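Two complexes follow with chain A in common, the first pairing it with chain B and the second with chain C.
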Partner chain A sequence: MKHRTFFWFILPTLSAMILFIALPIVSVFIQSLFVEHEQVLVVSESCGPFGCNQTTSIDAEATAALREEKPLGRFNGLSTYFDRSHLASAEVAEIWRESTGLASFVNGLMDLKFYRALIFTLTYTFTVTPAVLILGLAIAVGVNNLPRAFRGVAIFISLLPFLVATVVGSMILSWMLDGEGIIGATLQNIFNDPSLTIKSSTPLMWIALIVYGIWHTLPFSFITFYAGLQTVSKDTLEAAQIDGANKWQSMIHVVVPHLMPLVSFVTLMLLMDNFRVFEPIVSFNAEAHAQSLSIFIWSDLREAGNPLYASAGATSILTIIGVAILLTPVLIRTWRDFNAKSH
Partner chain B sequence: MFLKKVMVAGAMSALLGTAAYAGGHAMCGPDGASVRILGSDFPAIQAVAGAAEANCSGSAGEFTINLRDDTRDMMNQALTPNPAEYTSVIVANSTLTQLMNDDLVRPLNDLVDKYGANLKPHQLITIDGNVMAIAFMANSQHLFTRTDILAQAGVEGTPSSVEEMVAAAEKIRAAGIMEYPIAMNMKVGWNVGEIFNLFYFANGGELFKPGTAEPAVNSAAGVAALNSIKSLLEYTHPDHLSHASNETQALWEAGQAAMAIMWGSRGGAVLDDEGSTADVTENTLLSMAPTANGGSTPAATLWWDGVTIAKNVPDADAEASFAALVSGLNADLMKEHNDKAIWLIDGFQPGPAAAGVSATANAGAKPYPMIPFVNLMHNALGSELVDFYKGTESAEDALADVEAAYVTAAKEAGFLN
Partner chain C sequence: MATQAQNRLTPFKIVSYALVITWLVIAAFPFLWTFWGSFKVQGDFFSKADWTNALYGVFTTRETGGAFTGNGYYGAWVQESFWRNVLNTMVIVFFTVIISLTFGTLGGYALARSGFRYAFWILMAALIFRAMPHITLVSGYMLPFFEWNIWGLKGTAIIVLVAINQPFTLWMLHSFFKNIPKDMDESAMVDGCTRFQAFRHVIVPVMWPGVITTGLFSFLLAYNDYAVTSMLLSKPNETMVPAVASFLGSVQVQGNIMFAVAAVVSATAPLFVLILFFQRQIVSGLTAGAVKG
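This part shows the complex of A and B:
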């Protein structure tokens, strides 16, 4: 394709991407560099049903004047990125100095919310993603080998977890896992231990969240792989059979290599989605045991009356950086395959 | 004393108030104005907004009511544009601060002079001489007890301190009646922060160094508060870190708790004949919030709910909204909705559902602080104390983390340097 034609061809997509993806990211980044003006406070007497006392309030006029002058706030540079709620450089350095070994260092890190969230998020991402890839492929192959009459029903049932809204699905599972719910109560009965509850144990809660994550995203990888299986060349499979390959061997040496581009695609999507894990944590009431970067963005912006835009902006940018780091190996691989094919 | 004062003042203003009702119908302000009310969705607010609509929707050009959950998360955004999305927001102590932080509500002094004849002085929320809100109901946390279960376990009287609650809980557990007799709202986030406030105030603590935005929770009172809470948590359901009001109310109504620290506003719903059995409702007693460590302040924070008027709306709309809402705050409303809240309104007859809040207020519980940066402290408490409750951190370390997290947020919000 000529460069000129290519340019006109890509222009609509490119302008939409600049407008709706690139510019918002730039705007978020700029906001993360500024913090609120110093608040002008006044102390006065306030009275109500419970008597009178001295209260502090904000001098609205003085604060408005400051805002008028510099609408973005005070320039703070990258300091927000390195404060205690984010990368916590000073705190990490101190923990490093005081730690006696790797274990005590990690223990100290777990006290800082950013790292605590990162450890959960990475554990979640690196268990859910491979599990969904492997199980999705297994189900796709299974369904593909069913007699034609049952396939429609099997596909429909396999897609169900995807059709349930994340919030609803995780809410239902959360009720079932509750100490009073069907799964929670059954577990207590089996182990004869009334203090065994998923919601009070960090490891059990992590397992519950991971199981939910796998259940919910499985249909996505299943349907993608199922579509891919329809394009596997019958000739190649037959040739493999004639060469004496058994089912497992033709699976590993014919089907999987054929599906590799799809595996890259599904991996990319899963890594991105799982790194931003959010709804299950809210629905499971799991904030005591598991937090993610998305949860922090949400709570900073919900900080009613004093939304922390800089903090939320910094967390967003750090999330983007995190996703980029995770995707790099997959992208490099895809790029190499692409180059190999084009030569 | 608290409710007595309310009633005496009420009787006086009822006498004065009759004059304002010339012709016997409510005064609704300018005709054809727009009244748009935003509030939280619970029975007392439904009653107040409903009365305003019944009285004044006829003379208003537009009359809308939007009651929903989590209004605090969107009210500032809704009132920021000019004209604002709503002419009036029904707020509580903490949400008034939040609106005032952004200068979104107007002083009501002249409107009170014109339409406020049936209001009592203590309903006026006054800051630096300006009336910023009209309170109509009070709320606080207090103790709920099951008298039958306490009697069965051989506990005499109603527990009035944390130490007595723990002793009673131990007896109930020892008697094999219940493994987890205590319920309280310990859900991570706002509730964890609020429970700390209760016991911190009961132990004589102050959240900030006086006159500054510097935190002061890492103190002896802070450690004492955490230990009080922990002693109660020994006897709560192991899932307590996911329990908020709806869950604790459900535990109570299912008969699975014998002592609970819950909101007074849940009292009506607990005592009514819905969602529970007669065994539970007939034996439920509402009483003062417990004291701690030999102190005399109950572990509770006092709250009010009230009417504010948006700043960024035309004066005629503001006047009509105020007149409509205030027109409903009278004895007629009390006749119909007496048991839906602990009303501050004239004509309120305190029933059993009001006993807990009333006793708690009389015993000198502290109001929830109206300080511009209290939200930031509340959030820091709500997230950083969890490690202590899970047993992975000491009280001192957890409180040091709270202060560090608060300072980080307060610096960003411009309250600290």
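This part shows the complex of A and C:
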């Protein structure tokens, strides 16, 4: 294809991506360098019969005018990145000095907003992803063993939790897990503890969110692996059987290696999606117990009346750096494949 | 070719059947439960004392006279004007899908037919863009959109959703067009067509299976989106998903949580129908990127 034709064909999609994905990233970065204006204060002196006293008041008009004039705020450099609610360099150094071991260090970090969000996001990503990979493979093998007539039904049912909107799906689950909902109430009866609710306990809330994450993304890995299983060579399986491999051995030595390329694809997708965990926390109303990086940004933007663009911007950039770190191994591999192909 | 040995019920098979059945129950039960419960009153849906109340509707019978009630649906659709959100969703989803597919088809075709190095870089950039958390992008939109006074409009949300959709659409259609033999459009060009004419008369007629599959996923992305629609739409323009989330807060206070339950069921029903009709396309689309590489 000629460069010229290529350009016209790619123009609409490329301009949409540049305008609404690449530029917003730049805009986020610029926002993070500025900080909201301080209120304009006026000091007025009022003198009465008992002497003069000064009163400081906010000049709302001037503040509004200043905001109007420079909506970005005043330049702040990188300080937002290192302030108390982000990287908190000073506080972390302090905690490091005072901590007596790893456990107390992590405990100290949990008091800092950014690290609390980061720890939850990482915990969520690195428990949901492996669990979904293993369970998905197990269920794919199970469905593959089912009589043909049942497979379609099984896939139909499995698609529901995956395709339902995350907000809606997690809302459904949160109602059931509620202290008065069916699962929550049953658990209370089993453990005979009426105070046992996910709303009142941080560990339980984390478990509930992780369980939701597995429930929601399992179908994706299951269906991908199921499709992969259809292409496993029957001959190789039979040969393994003749050589005396039992089901389990042929699973480990024939099926799993065949699925390895799929595993890396599914892992990539799961890492990307789990790292931005956001909606379940909104639906579970879990912000008091679990904050993710996305939630952190979201709540800054919703700050009534005066969104904290600087703080949201700084967190966004840090999140993007996180995504980049997660993706680097994959990108390096794709780059190598591409070079290997072209030489 | 099932031999007798393969049909025997081995412990391996029993375990795997048990696993599948457990999963299916876990997958389906929440939906069945919520659907059934949406026709009850709150006392039954959240029946702490005896969970069978939710099945038989003891409180529902006491309060409304019948074992089933449509009060939740009436409250959501009429009292809380959920119908308006449904209309908004239709408009936004329709235009998002149409525009995404138009842009994506052109771009995907070009990428599939171009052997130059920059085609690879565009695909890599799309992959990185695909990984961006939507909320980080939203925080980049807010300030400029307020400045330009286009915040809250349906059109703004549509174009943002289209853009967010592009990386995925591009990848999928690119791998789809790669599977259409090059010879088809090239022979048309030998016969004197321009590149665009070849695309229009040769490729367009055979591209529909791939376009429909991609369209389904664009539909799902726009329909299910929360990050963009909740932050960029004004109240009267809100779609279903943010509406459900926002009146969960307000109705909970008034003790009308059943409105939210009914709205959730109403928002899920179209997806159910969609899976019923397009299961094959959804499954093939899910795995397209993976299997074809």
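Quick notes on this one:
Methods note: the second predicted complex is superposed on the first by the 265 of 343 C-alpha atoms of A that agree within 3 Å, B and C clash if a C-alpha of one lies under 4 Å from a C-alpha of the other, contacts with A are read in each partner's own complex, and residues count from 1 in each chain.
Everything below uses one rule, namely that contacts are C-beta pairs under 8 Å (C-beta built on N, C-alpha and C of every residue); 3 or more make two chains touch, one makes a residue touch a chain.
In this text, all values refer to a predicted model and were calculated from it rather than measured experimentally.
Of the two partner chains, chain C is the only one touched by A:L14; chain B is not. By the document's definition of touching, both partners, chain B and chain C, reach A:D178. Contact with chain C, but none with chain B, is seen for A:T5 once the two complexes are overlaid on the shared chain.
In the superposed model, A:T202 lies in contact with chain B only, and not with chain C.
Of the two partner chains, neither chain B nor chain C is touched by A:V92. In the overlay built on the shared chain, the residue A:A240 is in contact with neither chain B nor chain C. For chain A, the partner that touches more of its residues is C, with chain B and chain C as the two candidates.
Applying the stated contact rule after C-alpha superposition, one finds that A:E279 touches chain C and leaves chain B untouched. In the superposition on chain A, the residues of chain A touched by chain B in one structure and by chain C in the other are 178-179. Residues 6, 72-73, 75-76, 93, 95, 97-103, 122-129, 135, 138, 179, 187-189, 211, 213, 237-242, 302, 304, 344, 361, 367, 369-373, 375-376, 379, 383, 386-387, 389-390, 393, 397, 401, 404-405, 408-409, 411-415, 417 of chain B touch chain A in their complex.
Residues of chain A that touch chain B in their complex: 35-39, 41-51, 53, 55-58, 60-61, 63-64, 73-74, 76, 80, 83-85, 91, 111, 113, 178-179, 194-195, 197, 199-200, 202, 285-288, 299, 302-306, 308, 310-311. Those residues of chain A whose C-beta lies close enough to touch chain C in the complex are 1-3, 5-6, 9-10, 12-14, 16-17, 19-28, 31, 71-72, 135, 138-139, 141-143, 145-146, 152, 154-161, 163-169, 171-173, 175-176, 178-182, 185-186, 215, 218-220, 223-224, 227-228, 231, 234, 247-248, 261-262, 265-266, 272, 275-276, 278-279, 282-283, 293-294, 297-298, 300-301, 307, 309, 312-313, 316, 319-320, 323-324, 326-327, 331, 334, 338. Residues of chain C touching chain A in their complex: 1, 10, 12-13, 16-17, 19-20, 23-24, 26-28, 30-31, 33-34, 45-48, 51, 54, 102-104, 106-107, 109-111, 113-116, 119-120, 122, 124-144, 146-147, 159-160, 162-164, 166-167, 169-170, 195-196, 220, 223-227, 231, 241-242, 244-245, 248, 260-261, 264, 267-268, 271-272, 274-276, 279, 282-283, 286-287, 289-291, 293.
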